[in-house]
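Before anything else, here's the structure in question.
As written, the chain order gives the labels A, B, C and D, with residue 1 at the start of each chain.
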């Protein structure tokens, strides 16, 4: 393999740049040419290519976002779109591709592999919802960003004796909310994977109030059964003792200098992805299993649904007391 | 004066603790007894007093919020409530009071002064909306917190080529939004003090898109004419080129370790407030004027409305180009 | 087991408080009494005990350091000292002990176990030098703190075209330096586990200068063969192109709000340690293996020496090009 | 004036980029051409010019350092060097110059003015040692960075019951040390402007130890009479109760995203500098006086020496008790 391409696709997550850097420099070290493809599959179809050298990825390891930019692309979901993509890869002489992104992006990578094009996936998602890797690129940074916001909110909450509802990202998964809740010392965590009736939420807050806690914290996953506004309305109606306030953290969670963990993970995954291509692999994703980088078939990755270890949920309950 | 009290009231703002510390240690240094009054005027009426010594304010200078807690108090707005407050001050032998808080809190301080009780006000508000001081305690920290969030949002915005609407606090004033907008490099700032039609907002974003900017940023004051959701809906309808996303920063802006500026300002104001009491002053607020701490009558403070220097607004427009 | 004690010992590391909190609340949840022992083994011998309830560990999960304080204790290394410690544990009716600390502290825990006292170790060390756990409490936060400093230094380095030597902690191990070096994009990493001649360092920097890099970064472990000042003197003499500057990060690396990773790790380990005591275990340490918490004999922990995976070192070299 | 140049010179300070951005965009708005001159006076002499447009200063407002880079230049101190600089300015058709930098850089600006070339100075220095401005660009950020480090150090200091000596920058001035000391709650501050005998330092720490303080903090200006190592050796010899540790913050203080204050100050100064050139001014510096931007002759700026208000020093002493 003499020439590889790299693209980022889907929602951006902190550490993507560290991964691009690792792909480029590992490729160059192995004597390959490396082409950066802009704006994910959309840019691939449009032929937005730029040759990368060691300098073009200098000074980016500490930046969130992706210098290659990203997009969601409907056209690539059609056969015609994918055919056009292949044509462009051939036109530029690219012989292998590294796709950095989430669920949908990896499904795209699998399609290219099925069409015979050597493709390796790298999991990047602040939601940590990808089967086959203990952690995806960006999750650790998003956790820290959410936690930093929660630490700030707790200070004002204590001063007023308030209960705060804080909504964090995670799409239809509760990983981010649950881990943020444990690390932030939340009284209640509401996640899609485990339903809690609103009466129970009110009861816990009321107990916290009676025990004399200075504030209370409820972390709500964006995909939880009850919308944050519903929870707020219910708690206000029930008069749990604390005044209730709401904050939706939003896109802040995608930004911020990537954490050490994410830079290291992204770097290791980028290196491994290129090594896989060099060894002739295709149709696999590199994932973190324990503390090793391993490969797993994209077929399996895209079919299976990553669960949440609910032992953590029980732990959160005990520790909130 | 042998015995003073100190309370924090209204919305909390970072630096209040640094001010409490300065009041306590300056009082002790002048040979006074110092009593901390919990939960603002509500705690004053309820007699929630605790004697303060040098140690009781150790390790708090770097913490947001207020160790004395705070509240909003309806009862104090009645004559009966204020009479009860006076009674409590006398009961505990307190001869002078330092009130740290915003607009409403300072109005309360003025009332106590009018009833003959020596009272000094200290301006604390993340909104910087208090007449008689260039900066209130907490504004600088809130600015930095909002800015940090905006820096994060810009990274993800660039990766996707998006326009972000970011709503910041400020009640019915635009100071926080305007300064955050300038320091954050916003394309548009929407504030109560200066109306901009939505067509103009759309036009600016469209121009930015055409010029090839990687993203666009609109900072919206919570008190601006159009609600953030209205602006978002309008821009989506108008198709300005960028996809539009919204973030409401919320109560995060009240937290975070106070900045150097706020710790120094709060410290200087706390020292000055006690010195004023020691010199027999009452009914005044200590304020920052240029780089000096001066006093100004609470009468004037509570009557006048602080404007916004719109030269900054014009500057923002030039710099966004 | 009806009554357990908990102490922190040796150098402090961020996350110790989160672990104390987990120990206390898990103990209470299991119906145990929990006693906090101040200042490590020194306080144990001196009988500095305080009963802990759920509130006494409220609001500490986000604080670095340890509310129980810590110390190094020579007396405990003597038989007389340990006998006195046992006497105190019995005097207070404590039936099991959780020891949170590094190498030396765990050796102390092993001694207590050998004397028949049920004792569980929890690994806490910013150096990540403890056998039997992939990560110790505090390492991830220290990494992030060092990285944050390096990001700042790179900005000024770029503006001046300078080479910076940054010394990080780690005692006689290179983990912190190597991981910081990779995540910070260092040109060279000097660690105890792998010697690099100074001529080679000079050569690499000179190459970087010739290639036109805006700055160069050398991360040096405090335990590396050449002292930072020696390296600086050598590079200045050799005139590598860049001007050379030095920064020793120092104790800053022990502070800072613990990262999400460390709060979660510390929490899980604290819970597991108490569960071990409840199940009658003793003489073991709880460790992170892959992504599970497992136990390992303190005998083995204190005898074996944790190595460094030098594949990371090779990776750092490739990526720095 | 149709064409202006801008350069940064001397030590870099956070906010320089915000100032460059303001100069460029204000110049363009006034219909001027704007040329960026790289590496300060050295690059001016060498003719390292690049035309700037609105995009070339996009995305830099939040970055420390200077995209134009900086240097110290011996050649410019000679008449021949300055003559060469003038020649280059004429060669490129530049009619006016904005110089962003510290003391020495402003002296250079004065020389150019004296040679008849329209030149405006902008004060940038983390030491805040420039006459004619209340604050220089970068000082507020450096203060916050030093403070953040001190907050971290205090956490570990408390856990061990230690006294920490922290050396901060400031060249031969104590501004940074004194303000950091007040905002950080230091027991002692050692600055060039006010001598304190080492016996007194030992006495204060001993008193703090006896009073039961959990830790003690001594902030030392790099220009103070006694070197930090001397102070440490003395205190260790005197056995003040606390164990003593030392940290030298170093170049970290020059990095970090500029604070809101510095971005706003830099922006206002950049705008004002170009307006001054447009109005035909030369030989002046723009400075912050109270809360207004004013001009002051470079003659006066470079002759006068900025003092330190020692009332702050006395305040620090009272508050440390």
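The criterion applied here is as follows: contacts are C-beta pairs under 8 Å (C-beta built on N, C-alpha and C of every residue); 3 or more make two chains touch, one makes a residue touch a chain.
Only a predicted model underlies this, so the values are computations on that prediction, with no experimental measurement involved.
> Using the contact definition given at the top, which chains are in touch with both chain A and chain C?
none
> Relative to chain A, which chain has the most distant C-alpha mean position?
That would be chain D.
> Measure off the straight-line distance from the CA centroid of chain C to the CA centroid of chain D, and report it in whole Å.
Taking the average C-alpha coordinate of chain C and of chain D, the gap between them is 35 Å.
> In angstrom, rounded to a whole number, how far apart do the mean CA points of chain B and chain D lie?
28
> For chain B and chain C, what's the span in angstrom between their mean Cα positions?
Centres of chain B and chain C (C-alpha means) sit 39 Å apart.
> Note the residues in chain C that touch 2 or more other chains, in rising order.
If we look for residues of chain C contacting two or more partner chains, we find 151, 154, 158, 214.
> Among all the chains shown, which pairs meet the touch rule set out at the top?
Pairs satisfying the touch definition: A-B, A-C, B-D, C-D.
> In the complex formed with chain A, which residues of chain B make contact?
Against chain A, the touching part of chain B is residues 8, 12, 14, 16, 63-66, 69-71, 145, 149, 151-161, 164, 214, 245-252, 254-256.
> Spell out the residues on chain A that touch chain C in their complex, using ranges where they run on.
Against chain C, the touching part of chain A is residues 18, 21-22, 25-26, 28-29, 54-55, 58-59, 61-62, 134, 140, 143-144, 147-148, 151, 154, 158, 179-180, 182-185, 211-214, 257, 259-261, 263-264, 267-268, 271, 289-291, 315, 318-319, 321.
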